[in-house]
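Remarks on the structure that follows.
Chain lettering (A, B and C) follows the sequence in which the chains are written, and residue indices restart at 1 in each chain.
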Amino acid sequence: MSRERAINLLLAGLLLSVPLAALALGELFYITLATRMAILALAAVGLNFALGLGGLVSFGHAAFFGIGGYVAGIFSSHAFNQTPLFSWPFEFFGSDQMPAIWLAAMLISALIALPIGAISLRTAGVYFIMITLAFAQMIYYFAISWPAYGGEDGLSIVVRNGFPGVNTAVPLIFFLVCYVLLLAALALFALVRDSRFGAALQAGRQNETRLAAVGIAPFRIRLAAFTISAAITGLAGALLADLNRFVSPSMLSWQMSGELIVLIILGGTGRLFGPVAGAMLFVLFEFVLGGLTERWQFFLGLILLGVVLFARGGLIGVLAGKARHG
Amino acid sequence: MKKILAASVLGLSLSASGLAYAEPVKVGMITTLSGGGAGLGVDVRDGFLLALKQAGNTEIEVVVEDDAMKPETAVQLADKMIQSDQVDILTGIIWSNLAMAVVPSVTAQDKFYLSPNAGPSPLAGAKCHKNYFNVAWQNDSLHEAAGAYATKAGYKKPFILAPNYPAGTDALTGFKRFYTGELANEVYTKLGATDYAAEISQIRASGADAVYFFLPGGMGIAFMKQYAQSGVNIPVVGPAFSFSQDVLGAMGDAALGVKNTAQWSPDLDNATSKAFVESFKAEYGRIPSLYASQGFDTANLILSAAAKASVKDADAFRAALEAADFKSTRGDFKFAPNHHPIHDVYVREVVKEGDVLTNKIVGVALEDHQDVYAAECKM
Amino acid sequence: MSTALIIEQLLNGLQFGVMLFLMAAGLTLIFGVMGLINLAHGSFYMIGAFACAAVAAATGSFWLGLAASLAAAAAAGALVELAVIRRLYDRDHLDQVLATFALILIFSEGTRWLFGSFPLYLDIPQVLSGAVDLPGGARYQLYRLAIIGVGVLVALGLYYLIARTRLGMRIRAGQSDREMIAALGVDIGTLYTMVFALGAALAGLAGALVGALQSVQVGMGEPVLILAFVVIVIGGIGSIKGALVGAVLVGLTDTLGRFLLPKLFAAFLGPSEGATVGAALASMLIYIVMALILAFRPKGLFPATA
């Protein structure tokens, strides 16, 4: 077993043990904190499909994160009020069941990601970073000024959406739901990374001409990666809306896109568990510093700066040594 | 764990010494203490803590945390304060969108929420809750008062503008509820915009006889400075938010003479308010804003209720809050059935006292004003 | 709709564009020469505004404040370059994003620490107050005309600097081949520090000029930063000419969109509804324009030669 794999196992175990320990100590809030870590990690795993495998630095993934959140909010509000979401070709009243919401969140995120990706992938490098930002900003301003679902005030979810057979209102159960989804996404990531598709994607990141020479069009595999990436981030958005019982345009803001990128770098770019390590660290910093001082953002900045300058390769990079990029 | 232990030890010692309070109260304050909007949060917090200090009160324990103006952070802090700090009451939120994120889940967990600033319309109407009290105002109130003032002042063709988001559209709707005449134009700007040259050019060309705007925070400062510099001299009316003590310093003489509507002013003539202004100046070295007065009122409301009933007995405590048996800086203060204030709204004018810009009351816009959403509230 | 109003709106758009150009020029220069994505560029804008407001309040002179804003932003830029940015040139863009994101947090909270939570006061200088009459019956504010003038001067100055001076030659060399100029014996460290400080000073100048029109407060730099990025991407990263064209394009699009779209929609939907829908579309407009331009010109309007 490689050192990185041991660290991955340790991280997965650590994240699982937080809520269990919290339960034993009667400190329920730490379950919420761990759930938040798992959901942010899931969103960043989504982004990692594009960023880690394909080298596509999307500065607009908050769009998909927020769309997922809005799907959860809109579906559950229609189900709760029994008003139809649309009445043609059939009457649809939304849903308060997580599986249906997740599916819709992933599908809608993917459908919106397709045209965005198709246009954005014509560009590269910094242009790609900025054009993805532009699309996210369009959706952000749309959400702010669209009054039907609360505009800037956002949309509340009165009762957390359900999952067949379990009671999601119990914090530990909701954590486990998120945790299992996170593991599933990580497994998918590992699978894709080691597949022919993943190999082509990574080859395209390093040398585009070589890829074209063996007859693979980088555009199509990148578009596929971007779409999968958006779907998973959308799923995480639906979960975050359920955790907060609330969704608002701030989930769509460029700061959120930046935060998702920060999570990946903080954990270790190109690592399977980078997003997990990054999300755990970031939430922990935010929580501990926020409790200590009202100037917590200043110190958070100092810590992040320290990580870039002195801990190259993020947390996993420091712990596991240099990555063997494949 | 340690905190809870300390709190219960404190509780024991207090009940042993037999003070007037039925039970120690733990208050969680989530407010904005960083970034561009920090001034409002700092004022609410300072006003709140001043009231506690004056009451010589140690059995109300306050946990203060910064929401950085982000709804997600506010929700997380509310969860933390309820689950980990075990607070009985939450308060402190400045912005409507954060209140909409936090309040429903707080009240659903059987905790009290007392709003010292934001008053979004759903929480006053269809989504009102027995454990939610608004000590400041329903969002529309000051805009309605401005509409009433515009009618009274005889303006025939006001130009009105606000940012394009729910509070902005609510603001202009509120204005139009009490001003039903002709409008020169109704303009919505981008939220967070800081350049209003295009809008000011439109104002100049519109033939308006007055300008009403709702642009909170830095937007209002930018608008007012640019308006004064542009040389357009159509009279301006605004809600107090853009002419409050926290922003007047940055606006400078550009604000002089502007009429604005507020439920409180530093020169309000009642003993509580005067004592509050003096003690706030002595403590913090600045004139309090209306946000500070709202924080001060919120703390005094809690103190008055805690003296009557135990916070653990929710029904009794709620009844004590409803009675609003405290000395408000506003003078007369009572709650409507939807737990929002019934109070007078004044017209103030920005004046200069020595070197310092502040406000002076010049009239009453609406007496015993109550919001229109109460009818939709079923508690 | 009178001609006067249209002239005024065009000038408003131009003035907004010029302000964006001051921000974008530094950003694009830093990217072109050092290949660095600097998210903290908005912080220099804020530092310039705060320095100007503080010095103007202390001395009563806007002009001293303006000088202070240039000095403070350039000093902050040089300091940041020496302490942090220098270590990031050979890293990938992601590390630069994280580091400069961290710098935003540090500068914003640090500024609030120094200056408190309330916005500062800064007014336009007396000589530039008032408005002037223009042909067509329009009246335009003198100070805003002065900003347009400053923008033109800076554009000319940068053109001269880059095309005609020794420093400019090195900058151009750095843009096309970084190893080469080191081999030529140019002290590349000093060159980079100077370019970075120059970019920061331009942002600080923009902050001070605009601070007199707006509110000098923490966080004022970020919205402008995003717009400046839009500008340099539209113009072609690394190109000063592109930044100028992009800035004027964005300034005009935004101003005219805000002005005309609500009127357009009001014709179909009635005044209230039309105003909100038009305003919503207007706030998305520059991003729509940017996406369109990049869809057809993936490297912007004036791709840099490198």
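Just so it is clear, a contact is a pair of C-beta atoms (placed from the backbone, for glycine too) under 8 Å apart; a residue touches a chain by one contact, two chains touch by 3 or more.
Chain labels with UniProt names: A, C = Branched-chain amino acid ABC transporter permease; B = ABC transporter substrate-binding protein.
Every value quoted in this text rests on a predicted model; they were computed, and no experiment measured them.
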| item | value |
| --- | --- |
| Contact clusters after notional removal of chain B | one piece |
| Pair joined by the larger number of C-beta contacts - A-C, A-B | A-C |
| Inter-centroid spacing, chain B versus chain A (mean Cα positions, whole Å) | 36 |
| Inter-centroid spacing, chain C versus chain A (mean Cα positions, whole Å) | 32 |
| Multi-partner residues of chain B (each touching 2 or more other chains) | 33-35, 164, 169, 188, 190-191 |
| Two or more partner chains touched - positions in chain C | 108-109, 112, 276, 279-280, 283 |
| Residues of chain A engaged with two or more neighbouring chains | 141, 144-145, 147, 295, 297 |
| Chain A-facing residues of chain B, complex | 1, 33-35, 64-66, 68, 70-73, 75-77, 79-80, 83-84, 96-97, 100-101, 104-105, 108, 120, 122, 127, 164-167, 169, 188, 190-191 |
| Footprint of chain A on chain C - complex, ascending | 31, 37, 39, 84, 87-88, 91-95, 97-99, 101-106, 108-110, 112-113, 226, 229-230, 233, 237, 276, 279-280, 283-284, 287-288, 290-291, 294-295, 298-300 |
| Touch list for chain A against partner chain B, complex | 25, 27-30, 32-33, 36, 141, 144-145, 147, 150-154, 156, 158, 240, 244-246, 248, 250-251, 286-287, 290-291, 294-297 |
| In the complex, chain C residues that touch chain B | 1-2, 4-5, 8-9, 12-13, 15-16, 108-109, 112, 117-121, 123-124, 129-131, 139, 141, 143-144, 210, 212-220, 223, 255, 258-259, 262, 271-272, 275-276, 278-280, 282-283 |
| Residues on chain B engaged by chain C in the complex (per definition of touch) | 33-36, 38-39, 41-42, 164, 169, 172, 183, 185-192, 194-195, 197-199, 201-202, 204-205, 217-219, 221-222, 225-226, 229-231, 246-247, 249-254 |
